[in-house]
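Okay, got some structures for you below.
Below, chain A partners chain B and then partners chain C, in two separate complexes.
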Partner chain A sequence: MKTVSVGTLESSDCLVTIKPHESLEIEIDTVVHDAFYEHISDLVRKTLKEHGITKAYVIVQDKGALDYAIKARLTTAIKRMRDDNG
Partner chain B sequence: MARSYLFIPGNVPRMLQNMDVYEADVIIIDWEDAIAPGEKDEARILSETFLKKHAPDVEIYIRINAEPSLYEADLAHIPLNHVKGVVYPKSDTASLSKLLKVLPDSLDIIALIETPGAFFDIKTIAAMERISALFLGAEDLCSELGATRDPSGDAILFARSTLIMAAKAYGKDAVDTPWADLDANNLQKDAARAKNLGFDAKSAIHPNQVPLINRLFSPGAEQIKDAKRIIAMHERKGTMRFSLDGKMVDKPIIQRAYKLLEKARRYGLDGGDSVD
Partner chain C sequence: MISKSLETLLDFVKPSDGMACSFHHHFRNGDNVLNMVMEALMDRDLTNLELYPSGIFPVHTSLIRALKENRIRNLTTNYISGPFADALNTYGLTGELTMQTHGGRARAIIEGENAIDVAFIAVSACDEKGNATGLEGDNVCGSLGYAIEDAIHAKKTILITDTIQTTITNPQIRSKWVDGILHVPSIGDPRGIVSGTLSITKDPLGLKIARDTIRFLDESGMIEKDVSFQSGAGGISLAITKMFTETLEEKGLSASFFTGGITKHHVNALEKGLVKDLYDVQCFDLDAIRSLRENPRHHFMSASDYANPNNDHRKIKDLSIVILGAAEVDLDFNVNVTTDSSGTIIGGSGGHSDTAEDAALSIIVSPLLKGRMPLIKDRVTSITTPGQSVDVIITERGIAINPKRHDLLERFKNTTLPLMSIESLQKKAHALSGVPKHSPAKGRVIGHIESRHGQKGDALYRKEG
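So, the complex of A and B:
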């Protein structure tokens, strides 16, 4: 089981890391914590649910990414993790 | 009809989000050379998610990859409602014929002409129905030829002229290669040369290049005025051959006047219906 990271730490982007875990844990480090922590957390949970992920450790290092970018980076990470695991 | 085509990498959120403020007539989202082999999936998913969510108000093409195994994955991620077509690298008759078998019906193709071999195929390529434009890729071409580009354009004069002939013979747009350095004087010389040879538009690799290209490839005030006078005289006389200011005007000149005025109107440059 492999750890996968997708994205960058450049402005308007985010770096999403996902790795296998015995439960669902989400860690969010964002430059807009006070205003958007809950929003990003909901977006990550919703995207994971869309892909049927119930157990994983997800880290989002956000540099002001819009929703679509967070969703796209996480979606790519999920696909790569699945490809790596056959 | 467009004046400027701007390449932006498909894997950079900041550039995707700003695509409609760069003032380029056409945006080309690049999934080919600007994207490393291991990052193709990132670029496809990021661009697709962006376009579906934000639907920017600009004409969009995607530069797909040349190899079938890669472009089949590219095509699966193109949101058809938001993209006009694809820019296809290393175009030749055989590879385009293969692409046409799998390309969704709503997408047209801008053929990137960037190999010596393509110039022996160029008439057939220009004649293909779904090809909307021929686009010169001079950097790859010069690499293959061992030629060195400079602002004089000597190294690519034959390629430029051949591409323009083929495009115009089949009613397709001719799009010039980008100028690779960011020196505005060199860009000005290179773009002016392309415009004078007959290109309809030029491509850019940096947003800062767009205003100069738009200005150069827009019809000028005098040209617009002349075109209006030619059209007014043509419509008044109802003939395709007449004299204006002591010069003979015939069908090609009238057609060129209509085309120029259409371009001017598209970009809000015609200044109304007055012919004075």
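So, the complex of A and C:
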């Protein structure tokens, strides 16, 4: 089972890591924790749901990315995981 | 009294518990003197010290030791950068932290509120009588502006130098103010004084802000003969300084003076005849030091002559335009450059609130989003500079004029610049970032911000946990 990472740890970007898992586990580490943790958590769950992901281990290391950047990184990560794992 | 031994010199000073000592930041992050003196005072087991460093930089690790060993009672400064802020959170103070302004510190020393027993002043060269400068010697730092009121008013003034010469040209510090001289191998590293962010921004957002600021200044009608100007040493401010002097050149105008911390960009303008005089309280780079030494139109000034609100001859009283930064601003145009949004100290006024209050036009320049954090809060975490001193906020996505400036609003009625209310500007930021959850700074009060006039302002907190 392959782990996929998408993105960077540059300011205003995020690094999304995703791998197959027996349940849904989400870890979010963000520089804007106090102000936006729940907002980012909701966005990640919603995006996973849109792609029908119910089981995966997802790590988001966020350096202050805006929603569209987080969503794009996560979407690409999901696509690559599916491509890699058939 | 001249000595090569700090111990002999301290025997002369007769330090005691509770002594009030001052230090200065003209060497910024290249300063060796504060650590040298503090280590010796701590080795003598002194406690309850009252400290008045004009600015604290990452190099000042001895202050962290002093916090750990609980040796500081009250601490009064204008600016804190680096790990000292975290140490304040961890160890606290028995007394109070007071964050002053550059002008307010000078005022408080002259008026006796900052009562200093011993001023320890690093100078790059002095003569045997104590005439001193920052412009000669092996380790030049340029202007000693922030140390002058201390030298005059402290009960004892001690110079610390690595160069003693027979004569000093145009001394910045006079021998009559000086009680002792310590001659050491090295007072600091002049490369450390340029350790800040002293290059022009390459960030396209920053350059957009700079271009819009120049357009705003042009449309305001203030770029005219004998305009005066100050800007900081941040990347966007430097871009504006450069573009401002280019605009003067295009228009065939010359400015009357630039004030504040001086960089090579200010010096270039002086050398091209685009500004008549520079008034220099602190040199930010080696070009500024060279110019202050060589160019008679580049003048040294003390902190009081720069920004003391009770000094009628202060230079910034006649300032047309000041360009300043912000960590946060709010819907009332208050500006915070002292803490981040969690309350941790990240800087301090320096000359921010002095110049904002005095200049005819004070402009805040900043990206609308810092990472994901919107610049504009409902209320800033702490007020460094009150909104009544702030005229305009310029971001890459819009410009807000303080509603109290009816004249500017009228003048910009038909502008094509992206003018909007500060509420609309905040909404624009929220559309991109989302609305941040507000978590007010809390914990035990560790001190206060003090206005340049001496009034107690917002509290500063020591975070719990």
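Heads up, the rule we're going with is that the second predicted complex is superposed on the first by the 86 of 86 C-alpha atoms of A that agree within 3 Å, B and C clash if a C-alpha of one lies under 4 Å from a C-alpha of the other, contacts with A are read in each partner's own complex, and residues count from 1 in each chain.
The definition used in the following text is that contacts are C-beta pairs under 8 Å (C-beta built on N, C-alpha and C of every residue); 3 or more make two chains touch, one makes a residue touch a chain.
Treat the numbers as computed from the prediction; the structure is a model and nothing was measured.
J.: Evaluate whether chain B and chain C can sit on chain A together after superposition, giving fit or clash.
T.: Partners fit side by side after overlay.
J.: Considering only C-alpha centres, what angle arises at chain A between the directions to chain B and chain C, nearest 10 degrees?
T.: Computed angle, apex chain A: 70 degrees.
J.: Where does A:R80 make contact in the superposed view: on chain B (first), on chain C (second), on both, or on neither?
T.: Once the two structures are laid over each other on A, A:R80 reaches chain B alone.
J.: Could you look at A:E38 and tell me whether it touches chain B, chain C, both or neither (first, second, both, neither)?
T.: The answer is second: A:E38 touches chain C but not chain B.
J.: Applying the touch criterion given at the start, work out whether A:D67 contacts chain B, chain C, both or neither, answering first, second, both or neither.
T.: After superposition on chain A, A:D67 lies in contact with both partners, chain B and chain C.
J.: For A:E10, is the partner it touches chain B (first), chain C (second), both, or none of the two (neither)?
T.: Once the two structures are laid over each other on A, A:E10 reaches chain B alone.
J.: In the superposed model, how near does chain B get to chain C, counting Cα atoms only, in Å?
T.: Closest C-alpha pair between chain B and chain C: 5 Å.
J.: Starting from the residues of chain A touching chain B, keep only those that also touch chain C in the other complex, and list them.
T.: 11-12, 65-67
J.: Name, in rising order, each residue of chain C that touches chain A in their complex.
T.: 341-342, 369-373, 432-434, 436-439
J.: Give every residue of chain B touching chain A within the complex, in rising order.
T.: The contact residues of chain B facing chain A are 12-14, 17, 41-42, 45-46, 48-50, 52-54.
J.: Given the complex with chain B, which residues does chain A contribute to the contact?
T.: 6-7, 10-13, 65-69, 71-73, 75-76, 79-80
J.: Can you name the residues of chain A that touch chain C in the complex?
T.: 11-12, 31-32, 34-39, 63-67
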